[in-house]
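Following are the structures in question.
You will see two complexes here that share chain A, one where it goes with chain B and one where it goes with chain C.
Our next item is the complex of A and B:
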């Protein structure tokens, strides 16, 4: 092991940490600052990390920057909720609006590998119709990409991560079996299954990005349950231990602890590179193309921060939509108690799922859909859930005594794009002297009707599953998307289907911000699929001389 | 103070410290947490007294075991200025919120009882906190900070979150604690691995106590 990864960069001197081996290193190519690389990518998460890999594998010269540390999970991830906050984006952000969201441990990561380092591994495909939700389903906005093409890329990503899942998935067009077998259910997942069967709807073991059999140097999941605090066994297949090592092997350079503060643009209106802060000073890297992949808050923030005389409203913003149509997913839950011991802390938190209400359109008084999953909150998250109900003192301690009997169902619900939900710059500055992001959020009536439907249905399903003393957690959100949407019209979108900005042809976006709609499934599989597609498209455009 | 008898008598997650359920990074982190000082680094003596009293109300700890050094944990966090990565636009930053909040708590208490918060009766303390929780406080001492927001978004999450990050609190609720590399094997209803806490079923407390002493 070497040094403190939060203070001393590791991707340096021609080598990078080999996260699959204790104390291991692997050779890493490095590029000079004054020679323009083909692509400078800002962010190494689900979008940026995957894209860096695929572009490098096509032979492009790539540098990917991340503000966060390059962790070695085997040596540096404790089994501890509080300590592992080190994986989160803890630089300040302001949250306001009628329904201000919670961030920090909830929504965003700051590390090589991005938020997938501590994500819950749920790996789902969009429902095909969602790619045309405006024209087929009557709400939101159409994607400029065809679902069949996306389904090809989903398959590629599922194979790359060796997703474990069922042989047949109950919803949507037929898909092949998942690469690895489904995980065993824990008791919390069995309650979901029981409830779904009683209610007459389908359920499934959740497709998860954690190994159910050995793969190379990585062992299968040990069911330790600390997934959202980072996986210290490397069973979780993520950007950090899959895409990034592949990227480095293919010749990409990753610069950790490198905060990009500005995308530079010349007189001709083209990007020339990025200003980034590393090892105590601002530096400049030249690049022929810049890709912003900082997730749905930092991406618009960086585009706005990069405003200049030529683009006073920020980069790629002729539509005025940078930062707008920011979407979370509703993440409300119902909780109850079982007579049996459940001990939901064992195993990945969401081992069973139903997507029934993503695919059923009858019986809804709202647009959109939702999935719900079984849950396994560890004690700190669980007490925070209880305090949101206003519990403290004896009442809190008494409730916490039921920890091993509690069981819950939690939704991932679609919210509609609204321009008033947005990322803007605040007056307050961060440690780099850059204005911090302000995140403004409110549900619309449709969102509220969807949530009410879900809470009502999940309550009945939990009751049918055998739980008693059921109560509702009414105010949680998850995932961030949409603040720089893709589309087919420059007036109503920021980038095209390839993630290429309409305004600046050598500026691209590749992360959760490009979603026109969010659907009712967790987003990272879709983000990675888009990244793989973008890389292929760039390859095609380059071959045609259209880059 | 709480008089609950534990549902998991005799269970001590720290007995697993040298088993395959704990790895080296975890041992280090928990050791540091157990060594949390019980005097302040960041707060002054007056603020500290108010914080200790506040913590005792929010989490009335069982009297039959050592106490989790809650005020010390909050003070360490303030000392490190470790924010959450976001805050409600209507609340000031972490340190400022706590500084204003603790002073205002004393002011509110003096206004009612002529004594600082730490010196009034527990019943009066709890009553005052209920007023804060329900948005019924409004003295100038809050300097424009919303007391109700302070209560729901700083006091409760900060104190309760710190409490349940401590092994003593894990014992109370029968949480398995750190679990790498051993993890778990028995996932079904009512099944426990031999390294998990035994729940005392009514009338079987002695048996649970005996078994829990062997859990490691």
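Our next item is the complex of A and C:
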């Protein structure tokens, strides 16, 4: 082991940490700052990390920057929720609006590998109709990509991550078999299953990005349930231990602890590189293309921060839509108690799922859909959930004694894109001296109806599953998307289907911000599929001389 | 968890395994002697006794571990390891016994094992059916396994067949109203196919992540098919069946080695044996192929010598 990864960069001196071996290193190519690399990518998460890998594998010269540290899971991930806060993006941000969201552990990560380092591994495909939700379903906006093409890329990502999923999936068009078999269900998942069967709807083991059998040096899942605090066995297949090692092997350079503060643009209106802060000073890397992949808050923030005389409203912003149409997903839950011990924290948190209300269109008084999953909150998160409910002192103590018996169902619900939900710059500055992001959020009536429907249905299903003393957690959100949407019209979108900005041809966006709509499933599989597609498109454009 | 109890259970399992293996090892010196002095059907009986013991060894280790994992939550969960132990003892005894006569106690033990296996299968089916989803893949993978109690049933059946064969005349012995070679060929052929089916289910669960995982779902089924063919067609030398059965025997022992290595691939490896023995591939399972191969080879030997 070497030094403190939060203070001393690890991707240096021609080598990178080999996260699959204790104390291991692997050679890494390094590019000089004054050489214009083909692609400078800001962010190494689901979007940036995947893209860096696929571009490097196509032979492009790539540098990917991440503000976060390059962790070694086998050595540095403790079974301690508080300690593992080190994975989250906790830099200052302002949240306002009618329904201000809470930022921190449930939304965004700051590490090489991005939020996937501590994501819950739920790996779902969009419902095909959602790619044309405006024209087919009558709400939101159409994607400029056909679902069949996306399904091809989903397959590629599922294979890359060796997703463990059910032999047959109950919803949507037929899909190929998941590369690994689904995991054993824990008692909490059984409650969801029993409830669903009682309610007469389908349920399924959740397709998860954690190994149900060994894979190379990565161990299979040990069912300890620490997933959202970072997986110390490498069973979780993430950007950190799949895409990034592949990227490095293919010749990409990853610069950790490197915060990009500005994308530089010349007189001709083209990007020339990025300004970044690393090892105590601001530095400049030249690049022929810049890809912003900082997730739905940091991406628009960086585009706005990079405003200059030529683009006073921020980069790629001729539509005025940078930062607009920011979407969360509703993440409300119902909780209850079972007579028998459940110990819901055993195993990955969301082992069973129903997507019934994503695919059913009848019996709804709202647009959009939602999935709900079984839950396994760790003690600290569970305590916070209880204090949010107003419990304290004796009452809290009493409630916590039921920890081993509690069981719950949590939704991932679609919210509609609204221009008033947006990311803007605040006056306050962060540690780097850069204006911080202001996140404005409010639900619309449709969102509220969807949430009410979900809470009502989940309550009944939990009751049918055998739980008692059921109560609702009404105010959680998860997953950040939108804020730099893709589309087929420069007036109503920021980038095209390839993630290329309409305004600056060598500026690209590749992360959750390009989503025109969010659907009712967790987004990272879609983000990675888009990244793979973007890489292929870049390959095609380069071959045609259209880069 | 009491570590001590675990350790004793572990040691007991290992001892039982070693004893079973030692018992079934054929000593060539002795064999040649036997060939001259004894009748072939007694040799076959003894091979079946040994095979039954080895299979029971697998069952003992497996059921002791798995039911320990299930905290012996139902007292009947003590029964299979106990019965398997008796089955091993009977097999050891029968393997050394050259008498041309059914041994009543052994015979009774074998029937007990077979019935326990049958009841166990019933329990396990019930366990699968009462879970949400019922007869679905996830339950077949992770609920009480079908294959385990059937192995006990099979061990009992092999032993009982051995005992009944001893009472038959040396010339043209018969079982279940057919030539003994045919009956035993069918029994071991079907048993082998069942064992392979279980390996397929569990290796499918493991997504065939290692190439070697294809071996037990290709070689033993081929051996089983050839053996069944030999049993059903007119008797004659079947070298290919013999080769495949010997390879099946090898698959069993190599499988053991692969499973030992498979445990090491779990987080913490063998240093964390008290957890990884349960999470990893079942170490005692593959030798059941060796057991079935032993039975199959003995049945084939008998079959090849039966009158046309």
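Observations on the model:
Operating definition for what follows: the second predicted complex is superposed on the first by the 547 of 547 C-alpha atoms of A that agree within 3 Å, B and C clash if a C-alpha of one lies under 4 Å from a C-alpha of the other, contacts with A are read in each partner's own complex, and residues count from 1 in each chain.
One rule holds in what follows: a contact is a pair of C-beta atoms (placed from the backbone, for glycine too) under 8 Å apart; a residue touches a chain by one contact, two chains touch by 3 or more.
Because the structure is predicted, anything quoted here is derived from the model rather than measured.
In the superposed model, A:390 makes contact with chain B only, not with chain C. Contact with both chain B and chain C is seen for A:184 once the two complexes are overlaid on the shared chain. When both complexes are overlaid on chain A, the residue A:438 reaches chain B alone and has no touch with chain C. In the superposed model, A:167 lies in contact with chain C only, and not with chain B. Once the two complexes are overlaid on the shared chain, A:475 sits clear of chain B and of chain C alike. Counted by residues of chain A touched, the larger count belongs to B, out of chain B and chain C. In the superposed model, A:194 makes contact with chain C only, not with chain B.
In the superposition on chain A, A:205 makes contact with chain C only, not with chain B. In the superposition on chain A, contact of A:233 is made with both chain B and chain C.
Contact with neither chain B nor chain C is seen for A:452 once the two complexes are overlaid on the shared chain.
On chain A, the surface patch touched by chain B in one complex and by chain C in the other comprises residues 184-185, 190, 222, 232-233. Residues 75-83, 85, 88-96, 100-105, 108, 184-187, 190, 221-226, 232-233, 338, 340-343, 345-347, 378-380, 382-384, 386-388, 390, 392-394, 396-398, 400-401, 403-404, 438-439 of chain A touch chain B in their complex. On the chain C side of its complex with chain A, the touching residues are 131-133, 137-138, 141-142, 204-207, 209-210, 262, 265-267, 275, 279.
Contact residues on chain B toward chain A in their complex (touch as defined above): 2, 4, 7, 22-26, 28-30, 33, 57-60, 82-90, 93, 126, 129, 133, 152, 156-157, 160-165, 169-170, 172-192, 196-197, 199.
Interface of chain A with chain C (complex): residues 162, 166-168, 179-182, 184-185, 190, 193-194, 196-197, 203, 205, 212-215, 219-220, 222, 232-233, 235.
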